[in-house]
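Should a chain be cited, it is by its letter among A, B and C, assigned in written order, with residues numbered from 1 in that chain.
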Amino acid sequence: MSETIVKVNHMTKKFGDLLVLNDVSFDVRRGEFLCIVGPTGCGKTTFLNCITKLYEPTSGEILINDKPVDLKQDNIAYIFQEYSTMSWLTVEQNVAFGLEIKKKPKDFIKKEVDEVLEMVGLTKYRDYYPSELSTSMLQRVVIARAFAVKPQLLLMDEPYGQLDVDLRFRLEDELLNLWRQTGTTVIFITHNIEEAVYLSQNILVLTNKPTTIKARLENTLPFPRNVTSPEFIKIRSEVTDLIKWW
Amino acid sequence: MASKKKSYVWLSVLSLVVFIGIWYLACDVLKLTKASTLPGPVTVVGTFIDKLTQTAPDGATLFQHIGSSLQIAMSGWAMGVIIGTPLGIAMAWYKKIDLYARPLFDLIRPVPGLAWIPLMILLFGIGLTSKIVTVFLSAFVPCVLNSYTGIRQTKDVHLWVGQTFGASDFQMLMKIAVPTSLPLVMTGVRVALGASWTCIVAAEMLASTKGLGYMIQQARGIYRPDIIICGMITIGVIGALFSWLLTLVEKKVIKGVKR
Amino acid sequence: MTGRSLKGVGSYRKIGAAAISIAVFLLIWQLAVMFTDVGIVMVGPVEVIGRFFVSMVEPIGHDTIQMHILWSLSRVMTGFILGSVLGIVLGILMGWFRPMNALFRPLYEIIRPIPPIAWIPLSIVWFGIGEPSKYFIIFLAAFSAITMNAFAGVKAVDPELIGAARMLGANNRQVFTTIVLPSCVPHIFAGLQIAIGSSWATVVAAEMVRASQGVGWVIIRGQDSNSTVQIMVGIVAVGIVGFALAVLMRWIEARLCAWNVRGK
């Protein structure tokens, strides 16, 4: 097993004549928490969708464990911006969804689901349907569904973008806990600089269309981080300066 | 809200009582109408009780007619559901099937099921087959239409979730698209039942020797509107009953909807 | 809409596929009629289409096929217009005034589950075998479909809109004409769409039971004279007009409520 899990080589994506991603290259280390920040509408989502083959890149390649992406083999989970719980499944069945798709044995699924429900604190709500839960609970269901498959790579596309601040802080802390407990590699997309600095070990700053990588910053602040500490604010303004396009 | 609702119940009761009262007074007591045009409610109830046991004048008791109609309507409806629903699902999910089967479906879709009755009688005779095929056609169309629309309501984000977990095309169909379509599939099944019931009544009026449609058509020939009204009420009650039963099934089958 | 729709497929390919599948279907039908036992009872598409055009000049019974269509259409339109006007008025009244709902709901619920077709015998007893009995049946078909939709339309009006209007000082009448009426138009059109389909089916049935002209009569007379080709001509006419009516309704709806096109 190599140290690098994801390797993106000269990836370019065009929609017709519109150049969205221009020659993007970077690596992600195993177990790393990488945040990608950039102005709204800069092609961050396109970028993740290329990794998961929801779009085919126009040129360049993406390697996972030195091989081209194969969603049936590579264990990837993706948390989308939209609410993606399935209304016809209970919390428990929603969380088991990925494992069911991967055709794991019944008792194995039961065990994994119990474990992950406990981790996100949804055990009490296992038989509820999504329509009976609050937004924060729904977000936890989605996160539990992702962690249930023990992904080697977790992609998150502005998962907390529509939540209020208080709830976002809580879920961010929960996410960090899960990340540390499981050692999953996370690529987290956001336009919120504070969120990026709070969560990440590395920050990739993207420019506006056509998107290229403007900078890669290492963020070595110790966890748990304090958003009001001078070190935090320093990194935050550094990223902010990079992102300004006016 | 609840208390306000209650205060109008008397109006509903009153409206029914007045309706039946006027009908009773005008037809049974004052005999303003001829019994061969509009019999009163007492006459109708009397006929209804008679028809439970008597075969005159159309050769079968009410229950025999009901049984005959139900048998045909149910077989045709079941065939329509069993064939139509999967076809609608397949058309919505597989592009190739949509491209080639949809035009043929669109060809028969605007023809109401009952317009096929004479053709089917010529092709299959006046027996059961011709009626079952016609009922099948009227049930088939709404089943295809609704399951097709239902599959089309699948959310992209759910498909993406499946795809990133490595789901096969068939897994996405069975685990995401079909559950999404279920409410509309059930609507189709319910609409199909109504269509089947209408169609069998029409088929029996045109060519039959038994069944509720036959009964009311015969009663018209001999000027017995009391039997016609009995038949119509029976048809209505059975239709409403089945639609209510299906709503119960729907509630059991469709999960996770806020009620 | 899912990424799986035919959005990505060019319209040439769509038309091409449709042409191929319909051509193959007609060919199989024609060959089956020409070379197998199917030909004993069934006629081929060539003969049906040919006869359809012939019947545009040579009358079936007393009328050419387009006259039969006009007969049926005039019956549908009379009943449909009567039924929709009354259905819309009653539905809206029932939706807006709770006592009206309490008063008419029980009677409506008695009539609703009875298929309009089942009224044919009674309607003949009451109104004779002429036109009025057909108008009455089609009236019922249209009426029962539209009333419920108009009612549902009023019930679906956003209470916040009403609240906002009242806060701006609108009186009952203004709320009704500026908010309730416009927002139940889409529901009413959904009802009209169902009603026109069910009226068309009903007129065919009514003409099959008792008439001396109209498309339903063409079909049933075909059966009486063992003429499969005449039945098929009738079915083709029923299909074409049914399709045209549905398209027409959708077109009117798109013109009248462009802000709210149902579906896609």
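Everything that follows uses one rule, which is that a residue touches a chain if its C-beta (ideal position, glycine included) is under 8 Å from a C-beta of that chain, and two chains touch if they have at least 3 such contacts.
Since the structure is predicted, the reported quantities are computational estimates derived from the model, not experimental observations.
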* Please categorise the chain-chain contact pattern as a line, ring, star, complete graph or other. => line
* To do: Starting from the Cα centroid of chain C, hunt down the chain whose centroid lies farthest away.
  => A
* Taking each chain's centre as the mean of its CA atoms, how far is chain A from chain C in angstrom? -> 52
* Computed distance of Cα centres, chain C from chain B, in Å -> 17
* Structure fact -> Note: chain B residues in touch with at least two other chains are 155
* Mind pulling the chain A residues that touch 2 or more other chains? -> none
* Contacting residues of chain C [partner chain B, same complex] -> 1-6, 9, 13-14, 17-18, 20-22, 25, 41-42, 98-99, 101-107, 110-122, 124-126, 197, 200-201, 204-205, 208-209, 216, 219-220, 222-223, 226, 228, 231-232, 234-235, 238-240, 242-243, 246
* Once bound in the complex, which stretches of chain A touch chain B? -> 52-54, 71-74, 76-78, 80, 82-84, 86-90, 97-98, 100-102, 129-132, 145, 149, 155
* Structure fact -> Within the complex, chain A is touched by chain B residues 155, 157-158, 160-168, 171, 175-176, 179-180, 182, 254-258
* Asked: Where on chain B does chain C make contact in their complex?
  -> 4-5, 8-9, 11-12, 14-16, 19, 36-38, 92-93, 95, 98-104, 107-119, 121-123, 151-156, 159, 177, 194, 197-198, 201-202, 205-206, 213, 216-217, 219-220, 223, 225, 228-229, 231-233, 235-237, 239-240, 243
